[in-house]
Amino acid sequence: MTRLLLTLVFTCALTLAASAAQRQHIVLPRPTGNTLPFSDAVRVGDTLYLGGNIGLNPATRKPGATPEAEARLVMESVKRTLDAAGMTMDDLVQIQVFCSDLSTYDTFNGVYRTYFHEKFPARAFVGAGSLLFGARYEVMGIAVKK
Amino acid sequence: MTRLLLTLVFTCALTLAASAAQRQHIVLPRPTGNTLPFSDAVRVGDTLYLGGNIGLNPATRKPGATPEAEARLVMESVKRTLDAAGMTMDDLVQIQVFCSDLSTYDTFNGVYRTYFHEKFPARAFVGAGSLLFGARYEVMGIAVKK
Amino acid sequence: MTRLLLTLVFTCALTLAASAAQRQHIVLPRPTGNTLPFSDAVRVGDTLYLGGNIGLNPATRKPGATPEAEARLVMESVKRTLDAAGMTMDDLVQIQVFCSDLSTYDTFNGVYRTYFHEKFPARAFVGAGSLLFGARYEVMGIAVKK
């Protein structure tokens, strides 16, 4: 009986601890420096809120030369952010792609789908007016740890 | 006493199960085919993350002929997605409308408000550069089951 | 023993109550009137979903005269919304800035960073086609109460 009660106490304590939801700010090294006023992501409990990722080439600090190269750079950036938060691409539940050149939609999708296994997050693909650094893509989203 | 303990065990188990947050990918039939790399929505526990909805006429695969017709098509698409997840429009908490023609703001609002009862979700209404399929509206959002 | 059991019952009840997640719609007075079909924010449990804030001058109902003035107006609007929900700027976890003039990026950042202490939310900064009322900035986001 006492053992059962103790188990219950621990179970409830764990549940409460989980709902208290610790907060972690993720700030990765950036090609453009780390002085800008944003975190790459904020994790609260099991949920990760990502900021906008763009596909800058770390060497040139410019967007990838081709749409395909840039799509890969931006998705690698998303992956690094998730990794730093202890998550994977398959934890993503919602994605927004802002794109300054909708004619590259198929190219982007070709790269994008290689980053997931079977099931995809919900996604909006929106034509932006223009993006910082002349980027073609900016990708943000929300992930929930499986 | 034993009965009380059992009740407690069940209560805690239920709470833990709820926080374990089952994941459901919602993929509806689409006018443009189902091969594109996204789900229409992902439900995790009580929260539904929607992708971007556009107002394509299922017959013509083109956006609704008038702003009003397209607004209705896009909102019906949102409604179908919520319905497939076992939710209703009143569960929506946050909406983003991307719009390629801000001059249709009042028309959109006229249709939009008919989809809610009394209280509205938070909403951003943003001028997009352009949208896929020449759409006027793309609507995404988050819902939390009441 | 009975005391321990009662404590357990209360603990579980509290946990369940928290997960039941009360919903609060926040609607503030607006320069443009309160008849538009959206809430400024919706709070569900500890999470606040904000709608789009723009930097209208309450007197003129026009966006702030300079980028700096408008940036301040829009951030004050975000702050008022959080305040009405019993939260602060430091509770923000994810921000989207839609901007119709990317050349004002540095000016916006200068104002933006004064609204936070040490750690920043994740953020996307996206070039919009255009914004309602001729605004330069529209800011939306998600906050989670610390």
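Residue numbering begins at 1 within each chain, and the chains themselves are lettered A, B and C in the order written.
To be clear about the criterion, contacts are C-beta pairs under 8 Å (C-beta built on N, C-alpha and C of every residue); 3 or more make two chains touch, one makes a residue touch a chain.
The shown structure was predicted, so the numbers you read here are calculated from the model rather than taken from an experiment.
Both copies, chain A and chain B, contribute mostly unmatched positions to the interface they share, with under half of the numbers common to the two.
Bringing chain A onto chain C by least-squares fit of CA atoms involves turning it by 120°, to the nearest 5.
The mean-CA centres of chain A and chain B are about 21 angstrom from one another, to the nearest whole unit. Touching two or more other chains at once are residues 5, 8, 12, 15, 19, 96, 100, 127-130, 142 of chain B. Within the complex, the chain B residues that touch chain C are 4-5, 8, 11-12, 14-15, 18-19, 46, 93-96, 100, 102, 105, 109, 112-113, 116, 119-130, 142, 144, 146. Across the complex, chain A is touched by residues 5, 8-9, 12, 15-16, 19, 21, 23, 25-26, 36-42, 44, 49-52, 96, 98, 100, 127-132, 138, 140, 142 of chain B.
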